[in-house]
Amino acid sequence: MNNWTGLTPMARIEVVIEGEHEHIIRDLLISAGATGYTALHGVSGLGHGGQHEGRLLFNDRNSLSMLISIVPIDSAESLIAGIRRVRDNHHGVMFVRETHVSRPEYFRSGDESA
Amino acid sequence: MNNWTGLTPMARIEVVIEGEHEHIIRDLLISAGATGYTALHGVSGLGHGGQHEGRLLFNDRNSLSMLISIVPIDSAESLIAGIRRVRDNHHGVMFVRETHVSRPEYFRSGDESA
Amino acid sequence: MNNWTGLTPMARIEVVIEGEHEHIIRDLLISAGATGYTALHGVSGLGHGGQHEGRLLFNDRNSLSMLISIVPIDSAESLIAGIRRVRDNHHGVMFVRETHVSRPEYFRSGDESA
């Protein structure tokens, strides 16, 4: 991974969930201290059923939403745990990776910076 | 790269292709053992022509699709090779990177886990 | 980070900006030597206000655009600096990370390869 000059590493959390449950993840993100998110609507998907569920989670229709949120790496773990709990009841997939931003203060909640 | 507690590294393969050829990549993903994908439609793009092609691959119109699929790192290479072969005939761009998921079993096909 | 066989590391620059300012970033990308971009329209978002601005940058409406561009790592820094300057006047968020592509020549401008 490169060290981008002047950029700060953050956690990027991406959740694909049925559109009708999008508000649950949005509320979770904000209540967990995320300062914002980007939402893509009308996403379609197939799977990811796997042998664990024994059936498809998603059919191929345009009713999914993708929510992307950038949070400080320090606070990512508790947020990931919260999303996992929600997802136990509302199917979805979550991807987490590191990204780099130029204005880290945008993604830190007031409580954390106080 | 952080080690996210409880998350498993996987390969994230992202393909941007003309919408009319989306089904070819979808079929390839599934036949290669991917358990699912997320599709974004109505994507537009410019380029990426480069000097190799000598012309634009995409014009700026909303007829592109972006397909995202998560697969085990072990099986990524053969899938990437397959996408490359398709792409030789149907223009498109492919990006690959590592991501982390909380339920790796969702992204493993039955054959692999058997 | 894995070393993907036959893939070349590149910088992936992602900008979320109000749709009406999308053309400014597009022009900047191309004039800075990016050979193309992918654009997602109708994106919505909340935040990222933070304490720096003291107000929300985005409300939750579908008027945002997400622009994704792949550029050689060597030329990423000057492009990032340019986007930062634009963003001082036009709110937006930018994420940068490494990705891997199979045809790096697609993402290199003629000037650079000459």
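In order of appearance the chains are A, B and C, and numbering begins at 1 in each one.
To be clear about the criterion, a residue touches a chain if its C-beta (ideal position, glycine included) is under 8 Å from a C-beta of that chain, and two chains touch if they have at least 3 such contacts.
Just so we're clear, the structure is a prediction, and the values are computed from it rather than from any experiment.
Residue numbering at the chain A/chain C interface overlaps only partly, since under half of the positions present are found in both copies.
After Cα superposition, the angle needed to carry chain A onto chain B is 120 degrees, rounded to a multiple of 5. In whole angstrom, the spacing between the mean C-alpha positions of chain A and chain C is 19.
Residue positions of chain B with contacts to 2 or more other chains are 1, 40, 42, 97-98. Taken in their complex, chain B has these residues touching chain A: 1-2, 4-7, 12, 26, 30, 34-42, 70, 97-103, 105-110, 113. Chain contact summary for the complex, chain A toward chain B: residues 1, 11, 16, 40, 42-53, 56-58, 60, 62, 64, 66, 73, 76-77, 80, 84, 93-98.
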